[in-house]
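Shared between the two complexes below is chain A, which has chain B as its partner in the first and chain C in the second.
Right after this comes the complex of A and B.
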């Protein structure tokens, strides 16, 4: 691992005057952000506030219109993609693959992939590794994807709406998987609008509105300062 | 990492191309069997009278139609292979699968190189299969008297020997030109799909097809103009050299266009990508 990855002084994720526009409309507008290591951070905001765009920029799927975004002090490239474990809000595995082939795929490309951990989690969920993905239900596919993503020992986990489309029992499983699998020097950035479900696992949160950060705080500070839960605070801030 | 990308691309493309290839092989075997049956029926149909002769004539016309259909399947097989190569490229990069492909810890140019090499390999495999199955039909299905058409094989090699003896270099340059054309064909399709998916927010496949026709029109025009000038000059100097020059110019153009198309594609993938 490179020296800059191990340096505790370098934030996991930094954004400096980060702007992303599609056409003339900015989706993110001059965002400044620093995320330290060892935190579970909620990226919260209504639809269209720029959550997914911020995550895609950090994952290296989009290039900034202006400003910069740095992962472990480095602009997104093939090196940072090895440090980031990204879970998009959609199924990105080919339906023609077998479950065992998805494990081979991750083991081939990610040096930090822990196959034993993945197989263990899959067996606990009763996922047969010989079946093709097209035969799995949507919920099982989402769980499999989360298992693959959380079986990496990454520095930054980017989870875009990981609990958006699943039932409450599955939500519980997903959140416990996240908590029990991330290392103490890693950061988890979770984008969601289901705040009450994830509030218990969050250390910090960011509120996004119209492409800008309107609040960044630890959960404890917010509760102390405003005397309400993050969920209630969210409703207050985004009251229509 | 290129090796790993290549392994997974080859495997993914094989899932589609292999079943198609097996179907085409079965079709070629059936076609050969139908041709042999046609020889038997033609003997019966040659009888001047009798119900059997009428029936065999009707049956033989069906056999002929079946043979034509199978030959058609064989001829379109490389095109089917090419389409599946491009569909894999599109799906793996510009649909939901792109979220995984573009977040792998590999260089963008490695992703494209892998797709290009695997595409070329499968395209060449389709040509080899086409030639092998064509030879199979000609050897086993074209002799009325024998199962193996030995005289046909001998004649074929006589003709090939004559061509190589008299026009060996020309055949070689023509083959190189065909190969380079295949390189360009895939690179142009990849570029068209990339431009189509970057530019269009909706109907990306339709946009890609449109872009492909525009690219092909521009390239064909450029190639025709330059080839015409160079061949005209070559013909004026030495008439027999014109054919060689034409093949070499075509190959050189294809290689230059291939490199340009791949460079533009990788630039767009790196800088203009926007997976919706």
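Right after this comes the complex of A and C.
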């Protein structure tokens, strides 16, 4: 079809009858999905629809109650953790760390971390690498974490609400950084409820509702089929 | 480049319209090299596959050509550029006609008004 999905033979992420329950109520209920390589995919749904749970299962931080989830054909283990670059919703970097220490930390943990690329992006933003994280603004901290995560040469990037809580200019920076940094044989899964900001960046989207996928489509197929933006479609599907 | 992305129309069609406009107006000059898909996508903050699709649309129209591995270029054939300019004028004219008619004027009355208005402006300038 085009240059961005040539190596699409093994799906990057597969879920078969994937179910996750905390106690008796399932958070994800018999989810089936296949995400090929070379795509930017939106995981869209209201709060509590299971977005973060699905991402944590793919990252190997949770185990399925039943069914399976596969990253590049493998159940999550230490090998797939090397293939997955995960940006959690909440930071795990200590506010007392210096910027340069976050670089050391990523270089130690991840063999695929491209330090030169990260340093280059940080210097273009004017981030001084000797300062401690607590002195950075919220927007700058979000950008820094995204730079760290996108500077890995991973196969699957899991970005949980990467643009929540930052101003529009920081959002634009974050979206441009995602577009210019993912490799054509990798896939980016972005969870968000800020759909209008993000829909042009996506190849396709998944609507999650009550732990199940209610719609999966490319953005332009949905626009041509329903005659509305994905943002408007979301409001329609999730109308209270 | 200026990108206008909104509404309900397919994104690749909106991107193709912006690129076509840039080519016709010379913002992307005839015969010049077009930036890579990734650069254009990052500039417009759109998906690279969607940008690729928009460029394919312009290739189909003959406005964009691929020179082997050296990338994509704006065509330097005046025929293709003139054709695109004519098609843009046609769609502008059809839009003008339907809007004038929606206001209760014939297209002739509306056109005459435009000409008179333009003449008045010219006189003022002198």
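Just so it is clear, the second predicted complex is superposed on the first by the 232 of 240 C-alpha atoms of A that agree within 3 Å, B and C clash if a C-alpha of one lies under 4 Å from a C-alpha of the other, contacts with A are read in each partner's own complex, and residues count from 1 in each chain.
The rule is short, and it goes like this: contacts are C-beta pairs under 8 Å (C-beta built on N, C-alpha and C of every residue); 3 or more make two chains touch, one makes a residue touch a chain.
No experiment lies behind these values; they were computed from the predicted model shown.
Novice: Mind checking chain B and chain C on superposed chain A, clash or fit?
Specialist: When both complexes are placed onto chain A, chain B and chain C end up side by side without any clash.
Novice: So, does A:228 touch the first partner chain B, the second partner chain C, both, or neither?
Specialist: It touches chain C, and chain B stays clear.
Novice: Looking at A:74, would you say it contacts chain B, chain C, both, or neither? Reply first, second, both or neither.
Specialist: The answer is neither, since A:74 touches no partner chain.
Novice: Contacts for A:193 in the overlay, against chain B (first) and chain C (second): which applies, first, second, both or neither?
Specialist: Neither chain B nor chain C is touched by A:193.
Novice: Which holds for A:209: it touches chain B only (first), chain C only (second), both, or neither?
Specialist: Neither partner.
Novice: With the two complexes superposed on chain A, say which partner A:175 touches: chain B (first), chain C (second), both, or neither.
Specialist: Only chain C; A:175 stays clear of chain B.
Novice: Would you please give the vertex angle at the Cα centre of chain A, with arms pointing to the Cα centres of chain B and chain C, as a multiple of 10°?
Specialist: Here the answer is 150 degrees.
Novice: Just chain B (first), just chain C (second), both, or neither: which does A:93 touch?
Specialist: It touches chain B, and chain C stays clear.
Novice: With both complexes placed on chain A, how many Å separate the closest C-alpha atoms of chain B and chain C?
Specialist: The answer is 27 Å, the least C-alpha separation in the overlay.
Novice: Which of the residues in chain B come into contact with chain A in the complex?
Specialist: 1, 4, 7-8, 11-12, 15, 91-92, 96-100, 102-108, 270-271, 273-275
Novice: In the complex formed with chain C, which residues of chain A make contact?
Specialist: So the residues of chain A in touch with chain C come to 2-5, 38-40, 172, 175-176, 179-180, 200-203, 219-220, 223-224, 227-229, 232.
Novice: Touching residues of chain C toward chain A in the complex: what are they?
Specialist: Residues 5-12, 37-39, 41-50, 52-53, 56.
Novice: Spell out the residues on chain A that touch chain B in their complex, using ranges where they run on.
Specialist: On the chain A side, the touching residues are 22, 56, 59-63, 78-79, 81-82, 84, 86, 88, 90-94, 96, 101, 105, 108-110.
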